[in-house]
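Structure first, then comments.
Order of writing sets the chain letters: A, B, C and D. Residues in each chain are counted from 1.
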Amino acid sequence: MDFSHSARSRDLLDRLDRFMREAVIPAEPLYASQLAGGADHRQWRQPPIMETLKEQARAAGLWNLFLPPGEHGPGLSNVDYAPLAERMGHSFIAPEVFNCNAPDSGNMEVLAQYGSPAQQAQWLTPLLDGTIRSAFCMTEPDVASSDATNMRATATLDGDAVVLNGRKWWSTGIGHPHCRVLIFMGLTDPHAPPHARHSMVLCPLDAPGVRIERMLPVFHAYDEPSGHGEVSFDHVRVPASNVILGLGRGFEIAQGRLGPGRIHHCMRAIGAAERALALLCRRAGERVAFGQPLAKLGGNGDLIANARMAIEQARLLTLKAAWTLDTQGAKAALSLISQIKVAVPNVLQQVADAAIQIHGGAGLSDDFPLAALYAYARVLRLADGPDEVHRAVVAKLELKAQQGVDAR
Amino acid sequence: MDFSHSARSRDLLDRLDRFMREAVIPAEPLYASQLAGGADHRQWRQPPIMETLKEQARAAGLWNLFLPPGEHGPGLSNVDYAPLAERMGHSFIAPEVFNCNAPDSGNMEVLAQYGSPAQQAQWLTPLLDGTIRSAFCMTEPDVASSDATNMRATATLDGDAVVLNGRKWWSTGIGHPHCRVLIFMGLTDPHAPPHARHSMVLCPLDAPGVRIERMLPVFHAYDEPSGHGEVSFDHVRVPASNVILGLGRGFEIAQGRLGPGRIHHCMRAIGAAERALALLCRRAGERVAFGQPLAKLGGNGDLIANARMAIEQARLLTLKAAWTLDTQGAKAALSLISQIKVAVPNVLQQVADAAIQIHGGAGLSDDFPLAALYAYARVLRLADGPDEVHRAVVAKLELKAQQGVDAR
Amino acid sequence: MDFSHSARSRDLLDRLDRFMREAVIPAEPLYASQLAGGADHRQWRQPPIMETLKEQARAAGLWNLFLPPGEHGPGLSNVDYAPLAERMGHSFIAPEVFNCNAPDSGNMEVLAQYGSPAQQAQWLTPLLDGTIRSAFCMTEPDVASSDATNMRATATLDGDAVVLNGRKWWSTGIGHPHCRVLIFMGLTDPHAPPHARHSMVLCPLDAPGVRIERMLPVFHAYDEPSGHGEVSFDHVRVPASNVILGLGRGFEIAQGRLGPGRIHHCMRAIGAAERALALLCRRAGERVAFGQPLAKLGGNGDLIANARMAIEQARLLTLKAAWTLDTQGAKAALSLISQIKVAVPNVLQQVADAAIQIHGGAGLSDDFPLAALYAYARVLRLADGPDEVHRAVVAKLELKAQQGVDAR
Amino acid sequence: MDFSHSARSRDLLDRLDRFMREAVIPAEPLYASQLAGGADHRQWRQPPIMETLKEQARAAGLWNLFLPPGEHGPGLSNVDYAPLAERMGHSFIAPEVFNCNAPDSGNMEVLAQYGSPAQQAQWLTPLLDGTIRSAFCMTEPDVASSDATNMRATATLDGDAVVLNGRKWWSTGIGHPHCRVLIFMGLTDPHAPPHARHSMVLCPLDAPGVRIERMLPVFHAYDEPSGHGEVSFDHVRVPASNVILGLGRGFEIAQGRLGPGRIHHCMRAIGAAERALALLCRRAGERVAFGQPLAKLGGNGDLIANARMAIEQARLLTLKAAWTLDTQGAKAALSLISQIKVAVPNVLQQVADAAIQIHGGAGLSDDFPLAALYAYARVLRLADGPDEVHRAVVAKLELKAQQGVDAR
């Protein structure tokens, strides 16, 4: 048993850490000032500082770190990439700096693993270069998407084309000025077994019939310039060669995509929780009330201790999930990945809530990233399967695993 | 022991309830569409529908219901007003419709109880008429305001004037286009006993030296057209007759103001929690996943039961606090008022969080009032004393009360 | 709305309180010393001091206070009796002193309400006199008794006799040396509708075929001299006239019995929680660590405040349930009674746990009643329906109630 | 990063696991039947099956596994021993079978590390052989022992003797029929710096003046044949050579002793939690209510998932604490060891509580080990420093660690 990171991971972490401290964190205010906000995504623009940072990161060899071993990137294992994702999670702008942001990273993984050479040439290459952005269209407004088999939007074969119809929402990244392509998940064969009914199809954002109806706020924030869109598809025709892997294989791809994606999300959330705790501790040490720093008052020390304990445990669980995925495969990691999907966002919500409380009103304003961290946690408890669905998975696997156990 | 409301309270509640169902709730979308949002409060405007609703409410005899017995209003006791405040809490726009919104209601109470005839003529009358709005400037950005004696902004006597200096924030209502006056709490005599150092001073919003530096967002929302401002006071001179009650008597006024105000806040929050629970139940009954309505899945029934139990208990505690304040006075109600200030906002946060979870992504968007209800709860856990301060009050009073008890 | 007790209730409470302070609490050590413990109930005996206290209580007019209006007792409403039950809850020995202990009080209610004159003459009279004790046999070891329709033990008509067969456990009171009769709930007609299948039958403890197999410990305590028994019934024949109300009417009786019984249990548990809090506060004020009384260290003040808030709310909820039962009947009180059945035992568990923590090791020993209070809370979370079943009832009724609500 | 156990640890775990399944668990009922219980420890006896199992374990090479590298045992690191301790934690009788039970293991560590050759010859050798048992006397009834510097019992040098005076309690193991020696911690020099005032002194149990006043129950259980004693020391004279390491060095020894001891305790508690979860799952799968196995009803799946997530995280935290202690020493592991001391017992309490709830009344009886597991958890939240003290340590170290952090 060895809790230390590999030499390669440590080296990258050192360099990433320096880059974060010297380039990314100091650039946050400039980035914020270059943003154009509001509900109308057509007015959003990419802050120029982001492109500068991307160039620097690429030059520093800190690019596409998320990619598993293969021909396209450094090829880190999940457990080696995990601490890097955590460090990126300290800043909302960091993941894009390193071309490791969702949903692009997930889409690149899908294309790298399942894409045809033509699909890769057309979409994967510019994504890996960071010259375009992408979106992922799965959740639908009209059904409980916690049950993914509920999806009703259709992807129907019609000659050598596939026709997309329906409405999606929470399509993250679709508002980005650089967004050019989306992956659409739709129902192809309602009579097939439940997990063989849906297909994943590449669709250019400018295909006729694709319409961004509106951008959706999260606690009133639009998360520009990426955003979360509600998108309608009205008889959108794309070539049948845009289907990834094959018709009816959408869930098969989703399974392969979700494990690493959840680990990335969770590690970034751990980093976010560390940032919230650091802010909490600084404020609790500086502000004075009733003659004492807040840190010494009443149960505030417990807030700090509980946050530390929760973060440590959630990080270890996530690392173990990554290690299990690396060494024993997706099936062996199934329960652990659902466990972190529940545990980590809740830890981030707890720590962000505590940090807000210690900051008072300032914690709710945008003088600190705490309200945004809180909202991020709240989203994560729903995105990619709500807590309830993942708890049910954990319970089901546990009951199965316990069947052979001699419980006296 | 009698848990039924008085006949007078029931009659008003019936009429208010009808008005809410027929006029206020249906007007919410129009009100929203008439708002002008954003960070710049100078572009905010009062939605015309609000003035219409105010006229109707006044005509219906549902006006200034919050005022205690006296010459200015219907004169309801706290326990009789409580269910009305709860009903208003179902809608964010309702309190202003009935001229019962914070901070105006608190400011009117202060002026009615402590204001000089001249102060009442100048400010109380138009406030009671709903023709102007007001703000309350107490919290400061540079100190931990949970310890109110920390306040450093100054209100200094200079001849027949009082000079105000310093910086305040979270001055709610100051962005309203109709806001004309604010109550400023400032340090007058740093050498007096801690609770006799500060004064409350009436200050016109257009007095030279008053400057709204910016409006503060709460989870990215500016709560237009009222808003929460950061305000600087730079040698603002107002007549000494603008001092309320007398120099150094600010805390004395605050004590009288806070009890009823906290009860109003808490009852409105109970109403808000009821609305969240109603939305939760509707969604849980309608949406289907895994072949069942959400209400029947896993622990979702527990969410509902826990919400109902928490709301019932919090409401009863608030009603008891109101009854104790009415029948035994402020000192006897001290612990109960701190108890509700902790319990109720946490219940609202719990219920709003549960409702968001059941709504999925929709719960975070502005398609439902849930994110706003959640943010409201989060503010209430800080505003007017954070949970921590009120828990400390409860503990201190409990330990004192237990001293005479024979604990074997 | 009026939170004060009636004059009659206040008068009885004053007298009861004096009796508790002067007679009951001081007698606890003597009572404990007169007990004979262990797993073998045949060696248990009634502590003589109990009979002395019973005589005194009866002479003081503090006897059978639990009985609703009727011919047998003082006839208090539930809401008037509630504070008396709470006060009794401060001491484990108090309820029996006042002839108000479970399960005798519930059995007396059943006999008073549903018993035939002959049943009343034979069993109710000596129970009201406190000369005999009784037990209630419902829960079974072989089925999940949380679903009461699971009960499999049989009560079969055979000529002019009813024959009882099966095994019951957690039959509280059956170990008492004075126990003479039990109420047996058994399956009579498996083909009737689920709630018309079972009957309640009076059975003398010495009837041939009744056998106490063993007494069951709760956290290793046997709760002598009452105890909780596992009892087998092997072809036990009793006269058909021992059936209460009629064959198949067991659930009908149970419904009438449970509401008041749950209120009594909950009010006693509130009293128990008050005792735990009083002990907690005393210890926290007296013991010194790190140079301060425990009450001033870290989050200990929060423990106290949280306990006070939880107790206040749980008490108000219970009083409201009692008032609703009194004024609007059992059906209207259904949800509230399930609510208190969940809320109150959990509050007692929380407060007892906190009190143990403040007492350190002493809290786990029998130097204080805290471990016993904790165990009592833990039992109450299961007895008479586990938390889970009552939460499900609350959720179901809530969803039904919300159906007519306009949830916008 | 590598979450797999070392080959040596895995081999021992396989053998231990087999021994547990084949010998220890099946012997539990016999062990229970051979116990003689009650409050009077003079009637307790060692169940003969325990001596048989000890012989078998020793023969199987599963003996003194807890000992760190050195001359006396197999010399496992903490992280290698951890899974073995966890496995032993499945059964209350297992630790003694392998001579790894508290407090003997801790006392052996002290003697192995700090004892003189004469002390080792006299006491360590028979302890390593399992022929005698020992106790540890630190906690005192008259002071808040959470602050260890409060200890008032004295160990005073008088010529070539040390004289012990005072009263100790919660001296675990002192009731064991084989107990021959205890380690006494007493105040030697009240004028020395706080952590140099106390000494550890070896004292034979039969030394004149040592008197076991009574055995203390935990939730009414005496934990025979080891027990927890209240012990008075009345001018007990032992040779000055019985002082361990030197006068005033008690805290120095305690620090060295506590880290590994807390890891052992926590890993055993993890094993206990696994047993509770296994029982919970079996019962939830077997019992049927409302037409479904309990596992499928309402929030019961959440109970299971939450238990699994909590156990996984607590285990990983404990393993990391062990690894940090092994690789970076006691000071680096300080926060982690306090973290596990809080986290793990609370997890066990949570899981045992859930398992009791699923078992209904049976869970509170002694038909299952759940009530005992629950009591064990409750003790662990107090023993060896209450939660509150360890949270304070974590908070203090966190604030210190954060001082150098750039928290923007």
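Heads up, the rule we're going with is that a residue touches a chain if its C-beta (ideal position, glycine included) is under 8 Å from a C-beta of that chain, and two chains touch if they have at least 3 such contacts.
Predicted, not measured: the structure shown is a model, and the values here were computed from it.
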**OP:** Chains touching chain A and chain B alike, please list them.
**Re:** C, D
**OP:** Tell me which chain's centre, taken as the mean of its C-alpha atoms, is farthest from chain C.
**Re:** A
Original post:
Using the average of all C-alpha atoms in each chain as its centre, how far is it in Å between chain B and chain D?
Top reply: 52
Original post:
In whole angstrom, how far does the Cα centroid of chain A sit from the Cα centroid of chain D?
Top reply: 43
**OP:** Report the inter-chain centroid distance for chain C and chain D in whole angstrom, where each centroid is the mean of the CA atoms.
**Re:** 37
Subject >> Sequence positions of chain B contacting 2 or more other chains >> reply: 298-299, 301-302, 391-392
**OP:** Provide the residue numbers of chain B that touch chain A in the complex, in ascending order.
**Re:** 38, 139, 141, 143-147, 150, 169-170, 216-221, 228, 287-290, 294, 297-300, 356-357, 360-366, 371-372, 374-375, 378-379, 381-383, 386-388, 391-392
Original post:
In their shared complex, at which residues does chain C touch chain A?
Top reply: 298-299, 301-302
**OP:** Would you tell me which residues of chain C are touching chain B in their complex?
**Re:** 1-6, 9, 21, 25, 28, 79, 275, 277-279, 281-282, 284-285, 295, 301-302, 304-306, 308-309, 312-314, 316-317, 319-320, 323-324, 335-336, 339, 342-343, 390-392, 394-396, 398-399, 402-403, 405-408
